[in-house]
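Which chain is which? They are A, B, C, D, E and F, in the order written, and residues in each are numbered from 1.
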Amino acid sequence: MSTALKQSTPEVPVPFYQPTGNEEQLFEVAWQRHLPLLLKGPTGCGKTRFVSHMAAKLGMPLYTVSCHDDLTAADLTGRYLIKGGETVWVDGPLTRAVRNGGICYLDEVVEARKDVTVVLHPLTDDRRLLPLDRTGELLEAPDNFMLVVSYNPGYQNLLKQLKPSTRQRFLAVEFNFPDPDTEADIIMRESGIDAEGARILVRIAGNIRNLAGIDLEEAASTRLLVYCATLLKTGVAFDDAIQAAIIEPLSDDRDIITGLREAIGIIRG
Amino acid sequence: MSTALKQSTPEVPVPFYQPTGNEEQLFEVAWQRHLPLLLKGPTGCGKTRFVSHMAAKLGMPLYTVSCHDDLTAADLTGRYLIKGGETVWVDGPLTRAVRNGGICYLDEVVEARKDVTVVLHPLTDDRRLLPLDRTGELLEAPDNFMLVVSYNPGYQNLLKQLKPSTRQRFLAVEFNFPDPDTEADIIMRESGIDAEGARILVRIAGNIRNLAGIDLEEAASTRLLVYCATLLKTGVAFDDAIQAAIIEPLSDDRDIITGLREAIGIIRG
Amino acid sequence: MSTALKQSTPEVPVPFYQPTGNEEQLFEVAWQRHLPLLLKGPTGCGKTRFVSHMAAKLGMPLYTVSCHDDLTAADLTGRYLIKGGETVWVDGPLTRAVRNGGICYLDEVVEARKDVTVVLHPLTDDRRLLPLDRTGELLEAPDNFMLVVSYNPGYQNLLKQLKPSTRQRFLAVEFNFPDPDTEADIIMRESGIDAEGARILVRIAGNIRNLAGIDLEEAASTRLLVYCATLLKTGVAFDDAIQAAIIEPLSDDRDIITGLREAIGIIRG
Amino acid sequence: MSTALKQSTPEVPVPFYQPTGNEEQLFEVAWQRHLPLLLKGPTGCGKTRFVSHMAAKLGMPLYTVSCHDDLTAADLTGRYLIKGGETVWVDGPLTRAVRNGGICYLDEVVEARKDVTVVLHPLTDDRRLLPLDRTGELLEAPDNFMLVVSYNPGYQNLLKQLKPSTRQRFLAVEFNFPDPDTEADIIMRESGIDAEGARILVRIAGNIRNLAGIDLEEAASTRLLVYCATLLKTGVAFDDAIQAAIIEPLSDDRDIITGLREAIGIIRG
Amino acid sequence: MSTALKQSTPEVPVPFYQPTGNEEQLFEVAWQRHLPLLLKGPTGCGKTRFVSHMAAKLGMPLYTVSCHDDLTAADLTGRYLIKGGETVWVDGPLTRAVRNGGICYLDEVVEARKDVTVVLHPLTDDRRLLPLDRTGELLEAPDNFMLVVSYNPGYQNLLKQLKPSTRQRFLAVEFNFPDPDTEADIIMRESGIDAEGARILVRIAGNIRNLAGIDLEEAASTRLLVYCATLLKTGVAFDDAIQAAIIEPLSDDRDIITGLREAIGIIRG
Amino acid sequence: MSTALKQSTPEVPVPFYQPTGNEEQLFEVAWQRHLPLLLKGPTGCGKTRFVSHMAAKLGMPLYTVSCHDDLTAADLTGRYLIKGGETVWVDGPLTRAVRNGGICYLDEVVEARKDVTVVLHPLTDDRRLLPLDRTGELLEAPDNFMLVVSYNPGYQNLLKQLKPSTRQRFLAVEFNFPDPDTEADIIMRESGIDAEGARILVRIAGNIRNLAGIDLEEAASTRLLVYCATLLKTGVAFDDAIQAAIIEPLSDDRDIITGLREAIGIIRG
């Protein structure tokens, strides 16, 4: 079950993705014209799936990195490791994508440490260069290299932002939850639930997403609806499935949980 | 007394666990459908025991990690160590679980450092992948791998929270203290005390858990009741046992300690 | 003068310890029933001496660690060192106690770094396990292993506290200064001073411990009284001995020092 | 596609640069008289392009470093690396420029860590020295070495500033956006769009740059206008191109985005 | 000019020290009875000289360490170094003093990092032990080992204090500036200036030390008076010597400097 | 162009330095009597040049270190490096100066990390010792070693100050800008401009230095005047030279820049 680290290969079937706007056209133009792309949107709305879909459609390998507080430039570019008494350079995922062609996707890029900008800047202007100081190489990105980054504007803070000098290097697309019919289709396809069940879950999600008086950090994602449908399909009781797959993952606060239950109850009534 | 690091093996007898709701059903569905599971609840209410119980029942090895402020992704995935002049890769507990199958349980996951998300994200969506940048491997989780995490919503703070983009990847179950009869059964079984003694301790715990005017970070756990019963069984005087096993472990504050003693005294009167 | 690192051995004579309550009984029950023990109390009231006394009485080796801000799990469990071109694993004091049996005493445990909890948790519930990720071992504590920790509730702060999930794993005993006759006995025995001199020092300490209007972080410990008696025994003048052994070690504040001198003067008048 | 790390070579054609003031004369005097140069100005106004242009015009290699929070002196000067069992010193980009001659350009120098000053100070006064403590060398900059640094005064803060003792070592030039005709020329040349389209984009940028009631960290750069023109040229609809290439890269705030759309609408009306 | 690291040897002549109270008696009792000693007092009042004096008088080697923010336990106890392919343990100054006998003096001990307490605690109670975890040794301090620490109560802050559990392990002596005649003697002896000149400088220092309306962090030390006398002796003009050796070292604030000049001028008038 | 790291050698011609007070006499007395020297003053007023001048005049090598936030004691004293499989000790600049004789100059010493005090303290009292814990050496400074440090009192803050216990170890001299005639001489000599041009620049600097209503961190240094004269000499227009060499290096603030232009315009009118 261990495969080469290239994270998806051209032979992979194209994952299902239901477009919600002109995002496919923009991705394709960006790909053709060598422009880097920035995806903005909430958790679980399909950004990662969209990138997988486009990579498979273009027949390109995809290198995905989930960024975090301690992610440094070396995590992207590579480092020297000692193996069997020998010092060996091991490319990081970004370097692999630049060296071999492919799409490198940095998920939640605002979480990464600031030294990541040193590798992003020369890659995202007309130079398209990746300098590897440690190996003394200066890689020029091939035509079939593309950089995609994403973040969620909903929970940025002042300490964690893309600098304008970085942001203004990207084409940007905003994502949102799919429209109700599309979302119901996705739920049915992923869980095997029937159309009526899927529509009920979509209506519940809509109610939660529109709640005014409740302080949720983020609304219920499509992924949680799929989880809930999976529980229902396996025979878990409706209330238990809603509680375990939607309400508990959204909040620990007793008042918010009560508010969520009320909002959902209205739907079913 | 040194054994292999697989922390429990199928041959181990199934540890006693008294269910308090539908947690066993949810765990089993999660196991069958490859969904990650999040357990929420106070200290000492049995989350760790529940996971041990389910692992033994399913005949799966269990890899438990107590998370803390300095726990990094490498503590979970593994690192290169130099042994006898050779550099050897040593799998961390998460990697062992993914490579060999089994349940990996991250206790108090909110305490871990943020780079842990980089390994949790691709493992907890439909990809179920564990990338090991250092070895150049991309492990695909087998069907018999499951990830369980837990935390205590009672003492989270703003700096230590699961990001919504992480939380919304889990089914979630809330735990609480067992009901009085169940708790008395547990105490009797673990300490060898008689039913009357166990019921007194459960009533004392109930009073403490319902105290309104006292600022306790957490109420008395079932574990402390078992400790207290153990002292009583060994012949320690009732007051001394209550003081050493329940009151002193709960607080250092003289006023709170007085309040606790009064609450307990009422019971005995 | 260099001996093996096992910090005290069964052949050592039992150090003098004057019990002030049921602490010996609780220690013995904890020892028999494999419960971890937490000692709470002010500086210099005899916690360390008590543990040495019990270890010698039980004929067990004692491994003491003074915890501090930078103490990590590896300081307790061990690490790989390079010796003569070879990489050698060196057990830390906790591992030595678990591997060979004995009492491990973590003094001022709240000062340690948070990753210490990762080794304390599995050792302090019914698992009694010490996982050594680095060596791939999972040590099971033998029957003759016991963990004792201590801290001073008087100067904890919000950043440095035992989490409830850690505290509730211990039986707890509170220590305080010995009663006047016991304290005088200790002073006479340790310094060789006569009974009258010892009683005067105990009365001075009592006055300081009861001072209301003075902001001392901690009151005079029994240790300081022994120091003072030692100076008197060597011929240092009374005022000079009080100043050097009691007042100057307690405070740098001129107002507090004046207040202390007045409180002591009343006694002598 | 991997070339030596010298980042541009004399054979490279001179990149197009449209001067907006006396910056070329000042650069040339600084080059002749061995004075270091500081470029100040907003994101995407052409500072990096200007330096590339001047380096190519002077036939000198250019070493560019994007500075960031974690950039240290060693990243500029070099470090020892272990390669094939041998320890090898690898020059950093600044050292390469000093050793071989050339222009070293530190982009966003205020972001670098403070130890960078230790290498900049002796290089930027009449000593023109680069001490390499690690190798024991003291390099004297040759006549054909020049140091150029840049930063954006628009988003400095109190923690990140050049100390006066550093600033006062540089000649300084302020950059701004090109005048409308120049900017339209640049857009036409870079995207292949026609003059009318370019002029519309320049007017849109002008409106955004003059917006009073909107809190943008930075206005639309020339680069974004080129991106937008590229989308238009590829057949993307006007509104979609403006949204993806200008509005979304500038802000995540719904109110600001609405304000931007209104400002742009006025132009088109 | 390179000698062994033992910082002073018995053959060294006893440095001049003018006692100002019972500090010599207390030091000798502490030495005989194996009590650790704490010296409190302002900068430049002779604490370091006093310790050198006592060490030479007792014929003991002296190991002095100036503590600072980054001083760790390993700086005191030692570490493994790689020399000529071999890993060699190198004792730190405290270990050398414990192993060979001698006085170890930790100057400004409150500045050291907190892990230093782990080595000080077992050394400063009746155990007198120095555990070296890295080498597996447990050193017992010989009779001719003594620990002396110092700090300046004048500029401690809340973050940098000795914990009571550390302070209460030491006898403590407060130091202050010498009385005028003693101070004049010291100045004459150290600089070669005549008695009249020395007395003038002592009076100037007295005026500065008594200044009420001026916010000096510390008053002029005896050392500065010696510096000033040295300048005068070499022929520097009186005003210039006062300015360079007393006023400029005390403050950068123009108002304070003017106040100091006025205070000094009154003396001379 | 690579020379040994001794930063200036006796054969070097004495750099021009125009004294402004008794600083040469004080330096010479400090040199003869082995007293450390502290230079205080604003940026670019000639402190570094003064030290170079005195070192050359005394025929002594000069070791200059620009201090910064991350400068540690090891950067001054040296460290072990691995070269060709061998571990080699490499002296830092301070050690080189102590071992071989010479002047060590720590520029902006307040910026250095606190562990630097551990090497400065024993070097700056009558011991004149440099302990090298790592090599086990205790170097005694030879008669021809001198320590000079500098800082700019104008932009210290509370976190970055010399402790009084450090400051009071130095003779101190305050520097300021040279008087107008001297400054004009310097400008003519360094740039080749004529006397009239130099006087105009000195008057401009005077106006800037006396500006009351403008918040400049530091006034224009002599160095900037030399830069400006250099531009004028090369044929740059007067306004352009003033803007690039004086105004832009002083501030980024539009209001301050306008104020500066007005102040300068008055001069020319």
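Note that in this section a contact is a pair of C-beta atoms (placed from the backbone, for glycine too) under 8 Å apart; a residue touches a chain by one contact, two chains touch by 3 or more.
All values derive from a computational prediction rather than experimental measurement.
Participant: Determine the set of chains touching subunit C that also touch subunit F.
Facilitator: Touching subunit C as well as subunit F, we find E.
Participant: Going by the average position of its CA atoms, which chain sits the greatest distance from subunit A?
Facilitator: E
Participant: Could you say what rotation angle superposes subunit D on its sequence twin subunit E, using C-alpha positions and rounding to the nearest 5°?
Facilitator: 120
Participant: For the copies subunit C and subunit E, give the interface type as same if over half of its residue numbers appear on both sides, and as different if under half do.
Facilitator: different
Participant: Need the CA-centroid distance for the pair subunit A / subunit D, whole Å please.
Facilitator: The mean C-alpha positions of subunit A and subunit D differ by 30 Å.
Participant: Once you find the CA centre of subunit B and the CA centre of subunit F, what distance in Å lies between them?
Facilitator: That gives a centre separation of 60 Å.
Participant: At what distance in angstrom does the C-alpha mean of subunit C lie from that of subunit A?
Facilitator: Using C-alpha averages as centres, the distance is 52 Å.
Participant: Two-or-more-chain contact residues of subunit C, please, as numbers and ranges.
Facilitator: In subunit C, 82, 85 touch at least two other chains.
Participant: What topology does the chain contact graph adopt: line, ring, star, complete, or other?
Facilitator: Looks like a ring, each chain touching just two neighbours.
Participant: Which order do the chains take around the ring when read from subunit D towards subunit F?
Facilitator: Moving from subunit D on to subunit F and continuing, the chains are D, F, E, C, B, A.
Participant: Going by the contact rule at the top, pick out the subunit A residues touching subunit D in the complex.
Facilitator: On the subunit A side, the touching residues are 22, 25-26, 29, 32-33, 35, 38, 40, 72, 80, 82, 85-87, 99, 113-118, 121-122, 125, 129, 131-134, 136-142, 153, 156, 163-165, 167-174.
Participant: Considering the complex alone, what residue numbers of subunit D touch subunit A?
Facilitator: Those residues of subunit D that touch subunit A are 1-7, 43-44, 48, 64-71, 75, 81-85, 90, 92-93, 107-108, 111, 152, 155, 217-218, 220-221, 223-224, 227, 230-231, 234, 236-237, 240, 244-245, 248-250, 252.
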